[in-house]
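Presented sequentially are two complexes of chain A, the first with chain B as partner and the second with chain C.
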Partner chain A sequence: MNAAARDRWAGYAFVGPFLLVYAAVLVVPLAMGLVISLHRADLFGRRAWIGLGNYTQALGDPVLHQALGNTILLALLIVPPLTVIALLLALALNRPGRFAAILRGVFFSSLVLSVTIVTLIWRFILTPDAGLIAEGLEAAGHAPIPFLSDPDLVIPAIAVTTLWWSLGFPVMLILAGLQQVPGDIYEAAALDGASRWTVLRRITLPAIRRTLLLVVMLQTAAQLQLFGQAQLLTGGGPGGASRTIVLYIFEVSFGRWELGYATAIAELLFGMIIALTLLQYWLVTRHEGQRT
Partner chain B sequence: MIGRALAFGFALLLAGCAPVDERPTIVVQRFFGECGAAYGTSTDVAAAETECGILTTLINRFEAENPDIRVKVNVVAWPGYPQLAAQIAAGDPPDLVTMHQSVISDYAGAGLIEPVEPLLAAAKIDPAAFTPAARAGVEKEGKLYAMPWDTIGRLWHINTALMAEAGLMRGGRPVLPSSPQELLAHARQFRQRTGKPYLIQAQVSAPDFHVALLYTYLLAQDAVIFPDDRHIRLDTPEAREIVTTFRQLNAEGLTTLNQDFPAATAAFVQGEGGIFPVGTWMLGPYEAQAADPRSPLHGHYAVAPFPRLWGDQAAFVDGHAWVVPAAKRPPAERAAMARFLAFLARYNYDWSRTGQLPAFAPVVESPAFRALPHRADIAALARTGRQLPGYVERQSAVQGLIGEELEAAITGAKPVDAALKDAERRVNRLFAQMM
Partner chain C sequence: MSAHRLSPLATVLLVLGAAVMLAPMAWTLLLSFKSNAALMADSGAAFAGPYTFENYAAILKGSLTLQWLANSLVVATGAAVGVLVLSSLAGYGFARLEFPFRRTLFVIVLLGLAVPEQAVILPRHQLFAWLGLHNTYPGLILPSLTGSFGVFFMTQYFRAIPRELDEAALLDGASRFTLFWKVLLPLTLPAQATLGVFTFLAAWNDYWWPLISATTSDYFTLTVGLASAQMNYAQTSGLGFLMAQAVFASIPILIVYIAFQKQIVRAMAGTAVR
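And then the complex of A and B:
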């Protein structure tokens, strides 16, 4: 065996254990889920083959369509603002000094809270009965706003809650990206008299392009799976106005025991997340080969 | 360093030599919350308060009185059915589990829990002593699938100070409506004289709230809600009239709006409305408020079963019960389970201090229970309370579906007819998918 082959086998030996575990806990359940989705199945192992029946049912299910619309709207209300706010905060905090370090900690702190605590905090803020916003409005002579029971306000309310909760991680990712940009480029730009806007547009953003892509991809995948905030703040209401796809999967599988149908919806969601993530990656990187 | 490692290893060996606990072990899985900090070592049942406090104390006392039995307690988040389903699917179910009576059909129909007649016989518990409502809750197709623990009903919790201000008290008792027209008239009078809503209602994230109203008044009219185990009938004149009445209360601002259960609970204590239609489980906490001189509710609290607005006096009730997941168990373990059930049955009066109605008729008739505040007013629920037919499965999921449509209808987001049709279609689709 020559050296190259030895190196190749050594590489396989290193990644082999991980690949085995990965296949056991991810790929195998995914394949099993695909099989279950072709059955009418309950939680206790009873199954009857129905082919694509669950997928046909999903196409005509108005509750799923509403949940899909809610989920996409939530992702649109969360991912772009989250990326922009995280970028602005990271730019502001990308400097030495104790104050910036404290602020970095403050912005990261919300991320360590569990979803239960986050929704409790935001319930105290949003509820029209003695909530923080309601008290302020009443003090100013205005009626409280029912953020959690108005079908038009409930999605924005969950989006704001999620933005507050999720900000810390993207800020840290972008900060890490910013700190990888070599300082001498900025020095050269300063010598050339480039404005701050030009530096941001021509140097900083292109340099952290991959990090921004990562943030958008991770957040899109995460927000399409939004669950806890909707379940704990509104239970999906009023009238399903804040039901997300994962909340619907939970209701169908554990409330109604329709494991086959729930699995079919989960497979569709999985396909949607993969497709969207690949699309984002392609859109951002398609010209990179030509540039290099 | 080596010495320390040897000592550690030796200690491990010694730990491995500890005698095996050969006592029969029973795994008790319950909801009602976690209150170990307050009641972790308490054994004085009479001094315990709240559902969690009383049940924790009961289990502590059972362990103290039965040192030959080992009890392992799993406290699950309410209602705990996803965990139970996962445990059963994994082949590792607990031995005794708290379960709502409305859920028993799901598990009994699938053979996931076992009939308990042999255990009740071993515990010397006579099923003839169960109240009619409790027995109906645990009997499925002629077999008893649980030991009933209580009956949960919906009550009107009433602020008598505000009712007096509204001119709706007579002889020290609240005047309650006897028809839907009178309900609206009382509510308008209340609003006009007090400036506050007549009803306090949890209409956010509380799908069961309106469903209990609808079931109650349909059952009171002997309407057949579930003609068989695969169909529901909701698109009916009776259902339309009930939902339209409650929609009218919302439309005229005669009820609180946009409140979830915690907000509605607090609103009643703070005197922000006249009547809070909610369950027996709030009786204990509100009694405590009524006894507290600092509370706005002090001395101004009454309670009554839902008034008779349509049909006869009847109320939709549910209840808690102790079920036994199907599994092979050695005789010693079954004997331990029987002793546990017998112990719980003996303390059914103490459990009724929570506000829930006892599951045993002799306790309902006992002077001790009757002497508890307001219990004489509501004891009839144990007799008149009605469950859904035993063949109706997925009651929790069905409530969720109906509740969502009722919420849309009552808040005006959807026409009543359309909401009832949609509820019927969604529930029938759920039944059609059942295996």
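And then the complex of A and C:
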């Protein structure tokens, strides 16, 4: 056997094991999902072909529409503040020294907690029944606020919980982006007597726009799939005011056993995430060809 | 790197922000050392003694928490080891070897980065039911092994290693596998540490998949077990115990985080720019 032929088989031997798992546990379910979504199917394997029936059902399902609205509102309340706060923190903490290092550790810390622990902690912070915030309000002579059972406050409450939990990763990404900006640009700007605001607007932000785009794309995709916080904090209540799309998928599949319909909703969510990600990418990068 | 000093206002805001980050954790820690009875009477009692270890003692004797801890360790370690083995092999193959459809296969793997969990989780649940994989360790670990990120990450890392190393080793008569195992793999250890820690963290904290795959309490991971405990307790009757469980469940992951903080942060520097 010559070297090229040996390389060929060696190549498959090296990439084969991963591709096998990838095909069996990702590609096959992905294809199965499309097929199942065209069936009236339950969790126990009973199937009947109904074409696009599940999708037309989704169009007219008021519960799904409410969940879609809740999910979009959550994403809007989480992604922009998260990106701005993370950017400000990264700008402030991108400096040498012990003080900054300790604060970086503090702001990264919540990201290692699981959703179960985060919601456990925040449930007892938010509860009007002697929760941490309620205790503070009481000390200030104010009545406790029932964050999780007020339909107008439940979504902001989940958003704040999520912000607290998710802050570390974007800060890390943006800090990493800032480290890549060559230092001599800043020296040149300092020689030109540019103000800090000008440096930020004309040098720093353009230099890390790719990183900011990555943060927004990842966070949008993640928050549109928000599940654990809603399921554990409120179970979607009160009256569906905090039911998200993925929580609804969970209820339809494992509560009502309507696997076909749940899968169709999941496919719609998949399409929505892909479309939004591509849109964000296009909006940020469309001018890049002309500019450079 | 900006050499400007932080303004006093920025410093105050940062310290306040840090307090907001830490207060919930500190409060949890305090609650975990209070007896359930004392908290039932007055949850404000957390801010004063007496403190007790009884909640931690209750976890260590009898409760299922230790079993869940063991399950989480097995699942997260299995996921991390599995991802490292598969991604290193595939990364080397994609970076260094020439074979038919190499580019096509690589693109197919990269497309996996765009597939959200929701698009596959329900059919995967069905598939694993047919294969009898629910309530088993392989059933909990396998979904973690499909991550395209690890393959992409290792491919990039192998590509950055100079090819002269390969040629020298091959001239010395080394086989492809010896070259991979003895020469190149040791050079990728920093990447292995990073990828391993991230996979471990993600598998340790995963909730959605173990929630639907592990349905008997013997196979609960800590995330699912603690969730079930939350549901079982009335609002405040077991508050101290629940908080002790939360602290207890966070200890292993905090150890991993503190031990590998440097690698985690350094790795971010590598991924953010691409």
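Keep in mind that, in the parts below, the second predicted complex is superposed on the first by the 268 of 292 C-alpha atoms of A that agree within 3 Å, B and C clash if a C-alpha of one lies under 4 Å from a C-alpha of the other, contacts with A are read in each partner's own complex, and residues count from 1 in each chain.
Note that a residue touches a chain if its C-beta (ideal position, glycine included) is under 8 Å from a C-beta of that chain, and two chains touch if they have at least 3 such contacts.
Predicted model, so just to flag it, every value in this text is computed and none were measured.
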Overlaying the two complexes on chain A, which is it for chain B and chain C: clash or fit? clash
Return first, second, both or neither, reflecting whether A:G240 touches chain B, chain C, both chains, or no partner chain. first
Scan A:F254 for contacts with chain B and chain C and give back first, second, both or neither. both
Could you look at A:A48 and tell me whether it touches chain B, chain C, both or neither (first, second, both, neither)? first
In the overlaid three-chain picture, which partner chain does A:D129 touch, first (chain B) or second (chain C), both, or neither? both
First (chain B), second (chain C), both or neither: which does A:P146 touch? first
Answer with first, second, both or neither: which of chain B and chain C does A:R40 touch in the superposed model? first
Of the two partners chain B and chain C, which one touches more residues belonging to chain A? C
With the two structures laid over each other on chain A, which partner does A:G69 touch: chain B (first), chain C (second), both, or neither? neither
Among 21-29, 57-65, 93-101 or 147-155, indicate the stretch of chain C whose C-alpha atoms run into chain B. 57-65
Intersection of the chain A residues that touch chain B with those that touch chain C: 43, 45, 127, 129-130, 254
Chain B residues touching chain A - in the complex, by the definition given at the top: 81-82, 85-86, 88-89, 106, 110, 112, 203-205, 207, 257-260, 263, 266-267, 394, 396-397, 400, 404-405, 407-408, 411, 413-414, 426, 430, 433-435
Which bits of chain A are touching chain C when the two form their complex? 4, 6-15, 17-19, 21-22, 25-26, 28-30, 32-33, 36, 43, 45, 89, 91-96, 103-110, 112-117, 119-125, 127, 129-132, 135, 164, 167, 172-177, 179-180, 183, 186, 196, 210-211, 214, 221, 225, 227-228, 232, 246, 249-250, 253-254, 259, 262-263, 266-267, 269-270, 273-274, 277
Contacting residues of chain C [partner chain A, same complex]: 1-4, 6, 10, 14, 17-18, 20-25, 27-28, 31, 42-44, 85-87, 89-90, 92-94, 97-100, 102, 105, 109, 112, 114-127, 129, 142-143, 145-146, 148, 151, 176-177, 180, 201, 204-205, 207-208, 212, 222-224, 226-227, 230, 235-236, 239, 242-243, 246, 249-250, 253-254, 256-257, 261, 264-265, 268-273
The answer for chain A against chain B in the complex is residues 40-46, 48, 63, 127-130, 144, 146, 148-151, 233-240, 251, 254-258, 261
